[in-house]
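Next up, some structures in structure tokens.
In what comes next, subunit A is part of two complexes: it sits with subunit B in the first one and with subunit C in the second one.
So, the complex of A and B:
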């Protein structure tokens, strides 16, 4: 996973099978430069970034350069990782993101952790909670997350439990953390808790939430009685507690606040009072741990489109998706109770007749779709649209990707979409699920 | 505007220039049926619905039928509307939606009001507040709203103020009311308040919010000191007050609650205590009334796409928008601080080089984009993406439609997008703009 590389640099690095963290050598003119391959975010596609022995990062154009692999990262850290194998209680799987990034004071650059030791160093106190092992699965910013990487994480979680761990903590960028949480929740039946954790402020900032989020996630992974995937992040704007949100009922609702993650249409599973080393359950109807962790299916189809409807939306886009793009499923983020313009009805009917699953969610986010109240809703149902209850659009999308990864029968797809697999459908809403706005 | 009609019925009705509310005659076999043309939501496209003199609605297939126009609705109601011309203080412009729909107990069908009298009958007490006139501009469900209809509403608002009205109330379906509010806010410089109002429960239900919302909107239109477009709806789950949200800072945040509309990243303008006939301002920095109402520009381009990014999103779709669809602008609803996968950077660069405006908003909804924090943001900016501050995705979309309706110069488009025209950019966020979730 060559994070950040494109074009020429990506091709060159791929050709020698190099990965982030590997030791490589670049030979250019009469110069030989040895170093650790770093992620790159250069605006030109010919730059390779390596970390030299003296600690500095350097970007080198590989036009007219030779490049070779000296040592794989995995070899280097293999021994120490093997030491821990089968002995730890909690495993930290790192996928990248702000929480495992550190600033190098020599260079000013922020870089992801490249070893298990480095991760534990972010918050060494976690060693007092449990025997920890850590694995660098990959080091990407979460906006670059893809369905195929979800599969890798799922396999890694399964392996961690099979090795005897009681809980798993996954370090992840916050941008797409909720999508990954859903993917894991659908694909895994768990023998212990899986805690996704990130950070909204990097560890070099005084207001960083990295340490507390990581500490309370390890605590939760050890103490939680559930076999569910949760996102555990700051619960309010100060540092007193974190909240563990059910992975299929949570959204990043703020671009920068530390308490950005909030449950939508549901109550979170737990509050973690990290100062008291205490997990306080907020509900008792969680999914219990199973004897063994099982992967139901770990493939995701990317032939799915999330379509947010708006006035002026042209039906051409729908036709393109159906005819040229050959999608297998469309999740519509409709208006209100689940509507789009009646002008789209015939186009949608064509899609469903062609065997494309079309599901309806609401761009209101809060509340449930109800396509029996207004005529537009009834017409859309007659055209084959499936109303998806109170599922969040993003969750419905990931669920459909997962179902289409292993199912082709139209009726089964629909039945599965409407089956409450991981708590993604909340059949009963209470009045207090809607947040209180502050201006009253 | 032949709401709900498609295919054969739409073609036939268009060919005789018929409109909803007109008297038409259908001749089929030996039968002659005279009645008022009603909106239709039939699942087949050959059905025309008319209201017979006896009060019943009937749907007739117009296959092998002749159809003719007897009298235009506008003629019928012209006299009584002219009576009011120039004399009213507040004008109600009806575009349709639940708030102006009533159930016909004979047939059980819900239908929109077809005359000014009918609108006032929903809440006759408004006559005690001010001299009211009413106009049926059209009768559509708001999911069928289009940019070209916004133009009609804008012209109608201008006319209402020119006729001497002090304020305007627009009855509108709630589904796309926030989009319409933005369109009006950008296109109009106002001599009085414009209050968009809808209803989440129809007037036949005991919990209906129609009457209170309409009453308090007329009160607000009369009393408000501002020249702004607002959405005025229930402020909490009971009937004590309504809240007037700035039109460019509001979203429908719940599919069914009566207090579904909430300000995002901003404080509303006013609270309306209808029982005391009192308007309580929540801020003093509103846009004051001007001497005259002016239309800045009332055209909207529909060559714009709102793209919600998600993991697994394929760059093919971007290429399609750029190459086949020839869009002029794209608003991205990115992740977090304003990100998409770095794999899209080169595709986006191509778009901006081709003269397509690409603006970035966040799917978090709350908070501001900041594309200087992470490398992905910086890369996207280098590729020509414009970060759009704390603008809501839907508002940014409508603003871009409006700008592209009258501007072609690349630099001017960018400058206008970043100019705070109607309060759509809030330069300073306070901590209390984020709602309180109830599970702490």
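So, the complex of A and C:
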């Protein structure tokens, strides 16, 4: 298959029966260029990409050039079969993402790992920590994650613990990792730790954070005393330690840094010092392990909307959601202490009257909503809006999806939303829970 | 060593010239291309070799990887950002750098590639935070003309410079990130150079073309030459990081000599009936620590005190081989020693062709020979150190001996200051290159090529005309044209001319510095900064241009603060000069009165001896004339 080629270049390559990986020669002007045919990432259709002997790729326009096939490709990739690794202490469940992706050196394409062995290959040292087994659940980029996949992960985690594993590590893309962590946290009562892990630098680079993150996660899965879902990623830009954040109190706060994940309105559960093989607990009020892992409903409703309020927001959007999309619940990311324009009050009132749950979080992210301080807040409460304490907007969204997956009673929905199920509500905010920048 | 007949031995040399570009920002981010030692933050990182699709790791990459070696990066605030920290993907390639690459391609009459692909070249010695260097070929082909024939250009690449090494310890290396990402142009010639002197000429010529663009960095460390050298029957050896042009011929000469000698060793070994199996079967080693329990050898004693061991290795049929000199003061034994330094971290070895020596006695040698069962035609090696290191060394030595049967090993070597070279690492394969997927391919459109054409450097003939137009005489202009300081000249001219005439600038750069050297000063001290400070003082009228030579000589001999030296040569004001003149006239009144017709010359001579460097002769003469008019 001539990956990426079309138009002129595709025609020329097809005419000489060339495939990716074949030795070809391009003759143009006074140059004769020999190289291996590579897939094209070009935006134009006349470019042929070859890898020269010195390893460099270059793109040559096929216009006014002659092209010939020198030698068909001989090397074939090994396709490793998945082997049954027997009974294990720690199970790695792979859902895809950067951490389990490999580079194809010849083409530069990144593809997810295909087998358990391949996953362990990323960091063979984890075999020294525990007996590992691995499962490829799916291989998706995390932006393509869906609530129905959460359900599959939940079932897989339950199965892993039922098989006798002490802990579970889930390899996941970082973009939506926090959503998955919340889904798991609400739907599972756990007999051991569930560690979500990813990487911000792909595994194909020597500087990747994936090896240390994976190693620390296996260590944590084995040693952590809690039965909670955490996200375990680099604690700082240096390769010194990782931090295990409570899955319902964490956000990806940077688009690219290794230490992108930060606990918001809460202290993380543990610090993992990988060089010393040490787990240092940062708090003692974690949820302890239960005797058995139990699924508390693994269905999620998709009739929920996360609404970020902004000045000028038209009530038409709200009406559309209710009338055309038939949503059952709305989480508002309001301003400050939990506000939207007073112009929306009547529309919201109509919604709650129709049985739609409307919860309020803050787009400030840090801090708690309080809808008693200003008149608008009180009006909104009178209109039926439920203030959701210090819950993060995405966490409230997932929680509502989960509740609406199994509950229809209005009062029960509201009660559950305000019940602290997995530590998603922190009733006490101390002075140190807000990051500060030091300017010199 | 006698001069070699380079044609006969089939000498082939290729050059790789790396030159920093003077763009306003780095190749893949918006940091300035500026060095800085000021930092507030550091990062600690580790690097791991990455398996390729076929389960292989590039040999050079694996070699560089030292397990658990910590890399400490200093983050200078003004010249590093998240891109250097490997915490943000690279931005678009700097267009000015790309244009310079294309312009140089066109200047060499080569072919720009139609679409540029940025590659990642695996480098895991920590000098790149990512573990790879970003590099891309922008041009192919072209040539440079030389009096001994045309030299082909193979590739022109634009790539990022590495981080600046600050210090290396056994378990960590510290780098400064200021240099990481500064654009470099790499110009690689074909292996068409056939003599050491030709290599220097071609390097000069390429360097001159780069300087003629006016867009490259100046000064120490901004240009590096790598040499690829082979002789017929030998192997292309890469010699890295040659900073001094004058050293190039010597390095090539020595390398050719080394390869010839290695080929002779190969022939000799074959003649002696040594082959691979023979070495594998008869290469034996033993712990011989007890022989040296009471040794007088300081080196051995030091190691024994640290719980080290002494191993003896029998190398059958190698008598006399270790002592063969390959380069001045470097024997075959030195080559083997290089391997254990690099692979096992040992300080070196003792071999049979240099013993007894180093405090090791004849009696000890006899015991060693007995213990190892060394026969007349055999050689032996003694190594000292920690047991684990010795075990590594035993294999490293065996590998090197096996390679002796092939002649010249495939090596990357580093240049020493005396022109000899030492083993650095094995040569990398193409497995270390893979595409940089964060940067989309760059199509070279006609509009980009048009922009590049505008910055093609002038030819030397065109530049010559320009220099003559600036008022330089032909001799001086020729000197400037071939000078490595050509771009420095252009820089100072644009900054200080016409107030300081270009001729003064050229004379300072080309003649005054030579004068300083001939007078025993250290010309290396006269950096561009020192020159700039001096020119600036002239520009501002603080000193006379006549004092340049003396200021620079003074500084190059004694060092110190250039500003305070300049202060000593401060120009005298007219009234101060008048005062001095008056004084000299009055103290020499009688003499002057008696030789009235020579009065001017006498006064001029005495005043000048007092104010030389602090006043211009023309001015002094004027004032003396004025004073003498009133003198009766």
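Heads up, the rule we're going with is that the second predicted complex is superposed on the first by the 353 of 440 C-alpha atoms of A that agree within 3 Å, B and C clash if a C-alpha of one lies under 4 Å from a C-alpha of the other, contacts with A are read in each partner's own complex, and residues count from 1 in each chain.
We adopt the following convention: contacts are C-beta pairs under 8 Å (C-beta built on N, C-alpha and C of every residue); 3 or more make two chains touch, one makes a residue touch a chain.
All of these numbers come straight from a predicted model, not from anything done at the bench.
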Exercise. Given the touch rule stated above, what does A:317 touch, subunit B (first), subunit C (second), both, or neither?
Worked result: first
Problem set entry | First, second, both or neither for A:15, with subunit B first and subunit C second | neither
Exercise. Which partner, subunit B or subunit C, touches the larger number of subunit A residues?
Worked result: B
Exercise. Between subunit B (first) and subunit C (second), which does A:376 come into contact with in this model arrangement: first, second, both, or neither?
Worked result: first
For this session: Could you tell me if A:237 is touching subunit B, subunit C, both of them or neither one (first, second, both, neither)?
Result: both
Exercise. Is A:419 in contact with subunit B, with subunit C, with both, or with neither (first, second, both, neither)?
Worked result: neither
For this session: May I ask you to decide whether A:394 touches subunit B, subunit C, both, or neither, giving the answer as first, second, both or neither?
Result: first
Problem set entry | Which of subunit B and subunit C A:257 touches, first, second, both or neither | both
For this session: Please indicate which partner A:43 is in contact with in the superposed arrangement: first for subunit B, second for subunit C, both, or neither.
Result: both
Problem set entry | Partner chain(s) touched by A:58 [first = subunit B, second = subunit C, both, neither] | second
For this session: Enumerate the residues of subunit A that count as touching subunit B in its complex and touching subunit C in the other.
Result: 41, 43, 237, 256-257, 440
For this session: Give every residue of subunit C touching subunit A within the complex, in rising order.
Result: 40, 42-55, 61, 65, 82, 85-89, 111, 113-117, 119-122, 124, 129-132, 135-137, 140-141, 155, 157, 429-437, 440-441, 443
Exercise. Which of the residues in subunit A end up touching subunit C in this complex?
Worked result: 28-31, 33, 38, 41-44, 47, 49, 51-61, 75, 77-78, 102-110, 121, 200-201, 203-208, 211-212, 237-240, 256-258, 440
For this session: Enumerate the contact residues on subunit B facing subunit A in the complex.
Result: 4, 6-7, 41, 43, 45, 141-147, 150, 174-176, 179-180, 235-237, 243, 251-257, 259-260, 262-263, 267-268, 271, 282, 300, 302, 304-306, 308-314, 316-317, 320, 324-325, 333-343, 345-346, 362-370, 374-376, 378-379, 382, 394, 397, 401, 431-440
